[in-house]
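You will see two complexes here that share chain A, one where it goes with chain B and one where it goes with chain C.
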Partner chain A sequence: MASSSCWRCLLRPQTYASRPSAFLPSTGTTASPFLSRAVTPAIPFSTSSPYNAAKAPAKGGNISRVQAGPPRRGQKSLRIKKKSPVKATTRPPAPGERKAARKRIVLSNTNAVEVQGLKELSPETMVDAQNHGQVLGIPGPVVDQLRAVEAFKTTQAWKLFRQPSTLQTKQSLDLAQQVAKVTDGENGKRTFLRKILTGDKASGKSVLLLQAMAMAFLKGWVVISIPDAQELTIAHTAYSPLRNTEPKQYVQKAYMSELLSRTLRANQPVLNGLQLSQEHPGMPVPLQSNMTLARLAELGAKDADLAWPAFQALWTELSAAPANAPARPPVMLAIDNLAHVMRNSAYRDADFNLIHAHDLAIVNHFVKHLSGEKTLPQGGAIVAATSASNTPLTPTMTLALRQIEARAAGTPEKDLPQPSAWEPVDERVKQVFAARGGIDVHTLSKVSREEARGLLEYYAASGLLRAAVNDSLVAEKWILAGGGIVGELERGAVTMRV
Partner chain B sequence: MPPRLSLLPLGRPLTILSRPIAAPTARPTIALASASVRSQNLCRGFADDKKAPVDDVPPKVGPNMDHLPHVSEEAAALGRITGEGGPELEQGTPIQEILERDQDGLKKAPKVLKDQVEPPSGPKGTRSFSTSTRRSAALTTAVEDPTVVNLEGSKFGIPEFPLPTENLLKQRYDPVVKQFTNLLMWDGKLSKAQQDMSRILSIIRTAPTPSINPARPLLPSAPPPSHLPLNPVLYLTLAIDSVAPLLRIKSMKGAAGGGVALQLPNPLNLRQRRRKAITWILEAASKRKSRGSGSGQFAQRVADEVIAVMEGRSAVWDRRNALHKLAITSRANLSFYNRRR
Partner chain C sequence: MVFILGVNFPEQRLVKKSLQSFYGIGPQISQRLMARFHIHPTAKVSELGSKQVTDITAELSSMTIENDLKRRLRDNIRRLRDMGAYRGKRHAMNLPVRGQNTRTQVSTARKLNRIERWA
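For the complex of A and B:
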């Protein structure tokens, strides 16, 4: 420890003043009122004494003993080097590179074995009951379309397999038949399906939604998809009020332009074949009369200010029935993580009140079609999936879904599930489900043993499950997967245990 | 039926029995063997390069090894010949066996014993209640595996023995995977470590086939690299075992004289070797730089390091080589152990 005391005499410097002058060094600079000579105190001990010695002025004639000689305690002293900051030798990640790595969707693993005799999803195979319990590959062009609408999620294990493939369960078979039925129409008239997919965690809701979209693409529909409703309501994208709306609606320009861009990429071949047939006074820019719908969508995708009017114009065109032009195809509206739009959003209005998600223009568009308030004359479907992992509490929607399910099961009105007295009721959400019936709530069931067997055989054929698929293995994996929860089956067979 | 209690073997070491004390073996004691037989019959030591002894020499009989059988055994043998039945040689002969020999006794025996000796042809009598139950549909479609032996009384058949190690709860993971997971663990958070391990294996599975550097040879028994990615546990094991050091350097304080430590190479066992290799890999991985964001970055770096080890790019190889070099130079110090005696 450095001390201010003199280590020779162990006295503190201030005591020099009271000492007789005989003890003091002969040279000094401090003047004192009662001493005959000026006093120079001893240099206090410190680790920097060699520096002091070196820096002392050499000239002036009056050099003290300490300054002239070598340092008393020798040349060696503790020198702590300051650590210089570590210089990065590699290039740091570019802006956005980290996020891109996090969000990257990998759809093929070249190490995985190509499954021999894997059938592909097609308009014929998707409705064929023979394929129940089998895995069907998704054809390449459809994979590109599904990627464009962001139907694949990072949490799903697509990256382990050679080709994206899905299991034909009983429910996907039913859905395929409905899609085919809507496309064909009854008595020259098409219907508009309204479906909500719910179920346990990892029961395959998002994958069934993906299958629905794949089937729609195969049947030549136009698909408009909101891959995650959360992005619309957590106030991460810009919003602005829309003129001439009552109650006030808000439009998210940047998101709309993104949505149009995704829709365009996914539906390019269909939209290229369709032309304008209506007048669009709402568009701020003049439109060519023979413009294709793809070009219209591109206008909105390129210019965020045009995105909302372009979307409205596109929707008007898609729902029109032109006299002297090819008939418009059915349209599928898909939305995942539905609960996020069945509550207040994180946006604020001018009075700093929370904006209800139904007041966001694009959400309103989807919700109107879900409730049946608006419909498409040429048919189509809206398919909404709930999520069980990242989902807010929406008691009103949960109750409404349970009531619809109970009604479908034949429960009399008086025995329907009742609202809790302690939970607030969201009237706007209640209205969506109560206004008109006809919403089909589809609770995903667990896969059967036969379906699980088909899936495990696919895993084994891909080289990812290194075991013989026999009854005992199927029984073991099926039981360990909670009796056929398909996501847990995948986790138990492929992802977690290697 | 209770197990038979045989007292005869218990008494065998006792001298009252006429049986030879030790069963004649192919390895007679030196005292019994003559010099010529001895050289032939002695078991081969590890250092001998002669052939192993041949078992054609008749067993020698010692001076007190040709006794008559025990009195009871003799009486039993006589009884068998005459058909009268001698004494029971074993304690606890089951009553069923005695009844089989003794027809008069069987007639007077209680019904329970009679049924055991001659079981009745079919179930008799009726119950007013059902003794069977209906199983759920999901379970009934189950096991029809012909390899499963269905013993009476076992509901789902008995498993094959010995049980595979992964069927034991505490050993359900591969030993290398388990050791690696435990070394990945921080603050006792095992499930987080397991998640990372799963990610590492998943990355290895999707990584391209490793190109092996001939200057950094893997273990001699390594399979071709194209087989590795689909077997990530083998990939990991091969990388770890290939780069694992064989020795560690132990410093004996003051052994070199004048307070200088003497460096002595010390061999490691398999688990120790793997531990060292895993530690090195984890150290190298923690010095790498993340190129992405979100969770799973450390797993990515560890997987990258494992792949680098496999392809011979990793600095872990240099650490191994340096350690081996040092161990070779300090091999001369091993005479230290002889000096001490």
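For the complex of A and C:
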């Protein structure tokens, strides 16, 4: 049957089909009438191939809008593969492990030479003027007690020496004499000392506080210590309002229970020997009448809810004068980094106002004794140390301390340091220092050359200073330490030895 | 695990963080809420007393947070659209509402400005 199209037209690809001309030259891609089989191009050229290659229609879905071309908002052309995080092959530190390492106190170095003929701190040696400028070792049991009240700091170089030892400076000798005087009493009556230790950075404030506590332990006192006031005010421990207080006071249960635990560990022998002599209606649990004070402190240490009432009961007992029982020992309250409690704390009350540090119950307890508003009938001391390295600005306290010092130096009232008009005055802090007076501000001076020599000889005897201690070495080290700043002396001779 | 407003929080979670996980509670509100019930800023959920937990839950249930707050937000936008306000129209068109340019960078508006907003 004859076709309506010619052979040529049938064999041509579709592109040419519509073209009627039979005279177009044949190309390689077109079929020749002489070939038995038609040859079609493998990929027919078309500009719409990406369109056809677009994604297949979803099942049952319509394909009214087919995504084509780059996305409307552009596309990131450079794609760099992110590095996968490096997997740790070691065991991660357990909770609390890093903090424990950070706070670790090492008090003995077995590699250090044992100092021959080192005298130990004792009730006799601490007041002996012969020992001025000598280094005295702290006896083992006292070291344990000091450790319990956290008197040793990580920044101090105890770990280099065989045994914790301190230099008997003029100030420590004075302090020892005062501690001994309080213990012995005058005319059958004991006094209550109020001291603030202040001074330059690394001038030995915390170590003098440590020495004061060591002396108190040696004399059989009860020591209650806040090792760093910052812990109370930076709002890192739980707080709750105390009932029936005006202005509102806040108690820090967790801290109180820890404080009682520390106090108990440090003062166990003394507290074991004392028994209850008073009624304590404030305690939520009944107490045995012959309970020891150690047991009372333990109650508070174990149960945070009982901590504050237990502390109050303990204080009432310590300040009591029982008729037919052994006399209560003197009490030392020690607090380091005082400036932190002389300002607003980081805690907030229910109305979102900042709580003043003096409204925290335990701080209030210390401050009342510092100001002289409360005192202990059987005597004792409150010793507070300022810090020069981690300390907030407390213009009111700084001014008050300068004024007290100036008064002690005999400056007439009109020439006393005056408050700056540009600095805010904290009335509550002002009251503490202004109310009664009688606070002894102790500015730590630099050590003398004789004291420096004693310290350098101790370093040499410990094997940490490998040089002959003679006048020229003492002069060199003393002058390089800012003229006798004891912390710098230690750094220059021992800790940063090249 | 501690339940606060029907949500179970692990004991190690900070109270601050747990409160801020609710839609409508940010740093300010959580600080004030914690101060009201005397919870310190670094407290963990495990440290809360049962009374504090019930107090917080009671306080949270009286506040407009989570779905209530989302609904309020949607209603506000819908009201704008229904009254034919310019802002309502712009929301409906997924375009910036407050006079920003639209030549470039309107992806946030495209994402957020809707009548049936997710959040």
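Please note the rule applied: the second predicted complex is superposed on the first by the 407 of 498 C-alpha atoms of A that agree within 3 Å, B and C clash if a C-alpha of one lies under 4 Å from a C-alpha of the other, contacts with A are read in each partner's own complex, and residues count from 1 in each chain.
Here is the rule we use: a contact is a pair of C-beta atoms (placed from the backbone, for glycine too) under 8 Å apart; a residue touches a chain by one contact, two chains touch by 3 or more.
Quick caveat: nothing in here was measured; it's all calculated off a predicted structure.
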| message | In the superposed model built on chain A, check whether chain B and chain C fit or clash. | response | fit
| task | For A:Val106, select first, second, both or neither according to whether it touches chain B, chain C, the two together, or no partner. | result | first
| field | Partner contacting more residues of chain A (chain B vs chain C) | value | B
| query | Touch check for A:Gly483: first (chain B), second (chain C), both, or neither? | reply | first
| said: For A:Ala238 in the superposed arrangement: first (chain B), second (chain C), both or neither? | reply: second
| message | Per the contact definition in the header, classify A:Thr292: touching chain B only (first), chain C only (second), both, or neither. | response | neither
| query | After lining up the shared chain so the two structures overlap, which partner does A:Gln268 touch, if you call chain B first and chain C second: first, second, both or neither? | reply | neither
| request: For A:Arg348, decide between first (touching chain B), second (touching chain C), both and neither. | output: second
| Once the shared chain is lined up, is A:Leu464 touching chain B (first), chain C (second), both, or neither of them? | first
| So after superposition, what is the minimum Cα distance from chain B to chain C, given in Å? | 19
| note | chain A residues contacting chain B in one complex and chain C in the other none
| Inside the complex, what are the residues of chain B that reach chain A? | 138, 141-145, 148, 177, 194, 198, 201-202, 205-209, 229-233, 289-294
| query | chain B touches which residues of chain A in the complex? | reply | 88, 90, 93, 97-99, 101-102, 106, 109-113, 159-160, 449, 463-464, 466, 470-472, 475, 483, 495-496, 498
| remark: Counting only contacts in the complex, chain A reaches chain C at residues 73, 235-241, 250, 346-352
| request: Report the residues of chain C in contact with chain A in the complex, numbered from low to high. | output: 31-32, 34-43, 47, 107
